[in-house]
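All remarks here apply to the structure that follows.
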Amino acid sequence: MTTAFWIISAVTLLGAVLAVTLRNLVHCVLALILFFLGIAGHYFLLRADFLGVVQILIYIGAVAVLILFAIMLTRNVTGTEGPREVFGLKWWSGAATAAIIGALVLAAIRRDELSKLPTSTQANSSVLEIGKLLVTDWVVPFEAMAVLLTAALIGAVVIALEEVLRRR
Amino acid sequence: MSITLGHYLALAAMLFTIGLAGALTRKNAIIVLVAIEIMFNAAILNLVAFWHFKVFTTLTAQMFAMFSIAIAAAESAIGLALVIAIYRHYRSVDVDEMKTLQG
Amino acid sequence: METIYQLLQTWLPNLPEPIMRLISFAVPILFVISVFPGIFAYTTLIERKALGRIQNRLGPNRVGRWGLLQPIADGMKLLTKEDIVPRKADKFTHFLAPVIAVIPSVMLFAVLPVGSGLIPVNLNIGILFVFAISTGSVLALFMGGWASRNKFSLLGAMRAVAQVVSYEVPMVLAALVVVMATGSLSLLTIAQAQSGGFLNISNWFVFQPWGFVGFVLFMIGAMAESARTPFDIPEAESEIIAGYHTEYSGFKFALFQLGEYLASIALAGVTVTMFLGGYNGPGSHLPYVGWLISMGWFFSKMMGVIFIVIWIRGTWPRVRVDQLMSFAWKMLLPMSIINIFAAALYHFMPSKFLAWVVTAVGLLICWWGLAKLNSDGEIKKRTYRYAN
Amino acid sequence: MEHAEYLQQLASQQWLIPLIPLVAAGIQALLKQRSRKLSATLTISAMALACLLALRAFFATLGGDHGDHHEVGRAFYNFTWFAFGTTKLELGFILDPLTAGMATMVTFVGLMIFINATGYMHDDVNFTRFFCFLSLFAASMLGMIISNNLLLLFMCWELVGLCSYLLIGFWYYKPSAAAAMKKAFITTRIGDVGFFIGILMLYHQTGTLNLYTADGTGALQQADKLATLAGWWGLSMAGTIALMLFIGAMGKSAQFPLHVWLPDAMEGPTPVSALIHAATMVAAGVFMVGRMFPVFTAGAGDWVMDFVMWVGCITAVFSATIAVAQFDIKRVLAYSTCSQLGFMVMALGAGGLSAGQFHLLTHAFFKALLFLASGCVIIGTHHEQDMRKMGGLRKYMPITFVCYVLGTLALAGFPLTAGFFSKDEVLLVTYHHNKLAWGLATFAAFLTAFYMTRQIFMVFFGKWRGGEAAHGHAHAKHDDHGHGHGGHVPHEVPWNMTGPIAILSVFAVLMGWLGTPWLGDNFFHHYLAPSEPAPHHSNLVLWLSIGVGLFGIFLGWFFYGRRPMEHATDADPLQAKLGALFTWLNRKWFIDEIYEATIIRWTMALGVLFRLVDKLVVDGLLHAIAWITWGISWFTRQVGDELIINGGFDAGCEGVRGYAKILAKLQSGRVQNYFRILCLGTAILLVVYFIK
């Protein structure tokens, strides 16, 4: 587990860093996919197989593809951004803010007792159990989620189609 | 050295910071969305780690993670639809140019 | 994998632990990467032969007896061809795409139960794994098409992405009825659930009304997913040259072909496992030889499915892009949702015979109704605006 | 079943009453624009159902023996809404006479208004939206009535405000309607600030938002404790809270000086006006004061109650004088509502809970009647609202005319009608409390009778003055198209508009017997507030109120009925015909002639004197009354209302805009900037947290 953790973490971090720094939008998304894969790997490592698969299915199969589509539909087919943004005040202030927050959260984690928990870990979670919980204890959020997703689907179609419909 | 919860929390914090930095510095709306997805995932990773290291004994954490994933999916769908709509209107996805609401 | 490990432990207990682990890993991997590419190679031959016969010609017959060495010749030719990369291409992505195209396809075989008790990895979320992995192939297509910097490639890539994403939905929903019936996501459990009955045949899910509908839907979905004719618009040569692999040649082209065919074969295997009883058949549970017989059944069924796919390719015209999309969203998706209801109905009706009849009739009516709703009315003689 | 238990059970089902209209509103929100029948059916049937439930609750509170003990039958049902940590937020429903009476009134009057609205809104495109809002309006008002909790009450209170905003501005494409909706919303919001402060103070002091609880720790049950604490401005805590709550009520119930929105609210469709003026919006404030009455009485030692009473009194007189000089049929009614609300508030301030609430109930019936009838008139005359352009409608719209007259009599306090009893009660309570306020209120009652009679005569008597200018044109049109609409001649409205007003007029006449002191016990008083001592009967008050009522009616006839206006362009008799009036008065009294004919010679000097008396005293008195009334109304409207209050509001709005422009610079419109600032704030907070 230890070795796997370090390798996957490195991959995940690499993916994340590349996703927010690369100049080419499509490359960004490909790096994002790498990041998603890393997260999925972490889920497998954490014995949450179902979530890992869901992560791949939804994030790589749907979200990443969606983002790619968005890039293509904004007519920026080659994915290249304009001239490099100047590292101005905005950039530095943003990065510094993020860095401060990150440093403080890390410090908090170091300080916290919780993070030194013994490594007693969960056994693999069964899909059956998750499924049963979903339709018993969590049925209301589950249904709400179904409605939300439907609404989001319709909403996304409406927003994206608005101009097309108006043109007709 | 064995892996503890702290490792995962630190990893998630780093990922979150990266995402935050991306959301704060990049100008392209799509990349901002990408950065937001990264932050989402970092948070969800925390939840799963909490479950794995038995901070929560029930499957609640996994449920939360699953719902978060679903919400993130919905959010990205809507977000990207908005980006496309904005692009159609302004011919740009630069977040700095979306300033119609200024006072 | 675990089975091999246990076998090793009983037969060769003196072997050191890491080596035992290594062998138990290596055997299934070797099996997968040796057997299935072999099948791929000869599938191409069979396809060319069958297409030839369908089109009233002979097909390859020059290299070796009946053209049996043709795949090897093809492989050598592709390997020795010049690898051309367009100057404007995004080099790294262009290189990565064919590699990524193969990986998910190979990974799919990891969860296929190829015989009684013979499964490389018995994942308890097998079906989900299949779907999750098969979405990965989309990326390869997109990357290849986008990196080529060629508008036909890009069009092909976008078509591929749209198509795969669309057909995945009815495909997953079609598979859901099997999950409902067995209460498990593991492909091994699903295969086991179809054993027994008359000659190990009568319990196949395809013989239930919902199972048959699911089978048809899944087959269609799988064909679209692996971009087989009539759903091969991503590489429709009459419109966009060769789609996303227009700019590929040599070994990279071969890898794309390999990935595509492997995915097709793997999905055929999944179809067999889920609806056609998997490895079950007469004699598949005999002691000592059962594993061999079951393996035989599995592979013969799989080849049967592949042959059907080839057959369809040889006889059906290619659909149009808009037809393709509306078929997925307006026909397959509602039908698969109705099918889920039918399966639930079947499950909860006390008399199985009655349930069979009721669900069969209900599904037929729904199919007919949906077809009616989706039809553009009567097909009339085509009128031309300018030509007359 | 034990009666208390039954009440308890009903109380726990009270939520059904607002829920039904709410669900109806929710369904209608999803309906298509053209499903008008379905929409109307839904609204009306939901309201009818709610009315039945309210009636059930009402009869339940009637039953059971209160015996002699001075406690009303009251049941409540509290439950936890949500909890964070140990803090629980509770909500609750109540069933007591106040609730039951109000709920019955609101549902019944609302039902009548809804039925009428199907006729009034018949030609409107947004029929469905209108009925959706109406349902929501009724639902929120009912929710307010049944709530045993200030939180729920406040939520519904705000919902009522929202709905009135939506409905006043229903024809939002008219600039005046859009302005009126904003005005109503903002003005009531100013009052709501006070209300909210009051709620917070009450919560702070009592630790609960529940009005009544089973263990006696409800906010109202602790009112006596509050009276012992010191509050602001030298008031006790109870007084301070009561003052704050009353500011809320002032906004909602259109008390001076926050009344400005009410006349403008006429821009909405007439059924909305009826609803706002009778059943829902303005009743909310009075109802709230009635609901929180223990807090008010607990602070009785302070000047709060007097303040309430004087605000009511000033409003009553002030609005009544304005109403005299109005020409818009709905505006007269609007000012009259203002004035009547003043009466209610005054009664409450004088300590007469039952009197105030009784007047609220009776007023709801006859004011709804008057508004609906005026709606009928408006429809019947093809959307004409100017009374000068009406006249003679008695012949064209007989049913409406009869109902209108009955409503007017009730409002004017004609003996034995509903308004007579309730107004008498109000005056009686005030008489025992403060003689000056009583005197002013009696004057207002006189004016009420006067302007209502004026309205009747202007609208229904005389000859039809509408369409005079456009007559020829209309005639030509008539010939061209041949549509049988009869040009601009008014017509009677369909049964779904006259039916409700007919029913309401029955109540307007007969309702008063519920609260008459003549039939043994005063039923309503005993029902609502048995612990409150009944005011002593006073013949002076009774006869004086009858007298001023009749005198007002007489004067109205005197000025308007005797010689109705001939043309729409004629000046108001009271305003311009004073010269003619003068001579007529001379000839009527015949003082000079009689004296000269009989006691010709030796009374010559006396005759001169009589003439002087006649001119200066008698004529002068009558003229003075007329002039003063008119002058006051003009002055209060032009200076008090338009200049100071309206102008003050406008100036305030401008100031806010000016400062907002500076602040708006901060709003760059760039999302990322906001996000950056947000994150920077988070970072600073985290740093602070770590350093600490």
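A, B, C and D label the chains in the order they appear, each numbered from 1.
In the analysis below, a residue touches a chain if its C-beta (ideal position, glycine included) is under 8 Å from a C-beta of that chain, and two chains touch if they have at least 3 such contacts.
Quantities reported herein were computed from a predicted structural model and do not represent experimental measurements.
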Given subunit A and subunit C, the chains that contact each of them: none
Distance from the mean Cα position of subunit D to that of subunit C, given in whole angstrom: 74
Centre-of-Cα separation between subunit D and subunit B, whole angstrom: 53
Subunit A and subunit B, separation of their C-alpha mean positions in angstrom: 5
For subunit B paired with subunit C, centre-to-centre distance based on mean C-alpha positions, whole Å: 34
For subunit A, residues that touch 2 or more chains besides their own: 50, 54, 62, 69, 90, 93-94, 97-98, 101, 105
Sites on subunit B at which at least two other chains make contact: 20, 24, 27
For subunit C, residues that touch 2 or more chains besides their own: none
Overall pattern in which the protein chains touch one another (line/ring/star/complete/other): other
Pairs of chains found to touch, sorted by chain label: A-B, A-C, A-D, B-D
Contacting residues of subunit C [partner subunit A, same complex]: 90, 93, 123-125, 128-129, 131-133, 135-136, 138-139, 142-143, 146, 149, 154, 158, 161-162, 165, 168, 183-185
Complex contact set, residues of subunit D against subunit A: 672, 676, 679-680, 682-683, 686-687, 690
Sites on subunit A touched by subunit C in the complex: 24, 26-27, 30, 33, 49-50, 53-54, 56-57, 60-62, 64-65, 68-69, 72, 77-79, 124, 126-128
For the subunit B and subunit D complex, residues of the former touching the latter: 20, 23-24, 27, 32, 95-96, 98-103
Subunit A residues touching subunit D - in the complex, by the definition given at the top: 90, 93-94, 97-98, 100-101, 104-105, 107-108
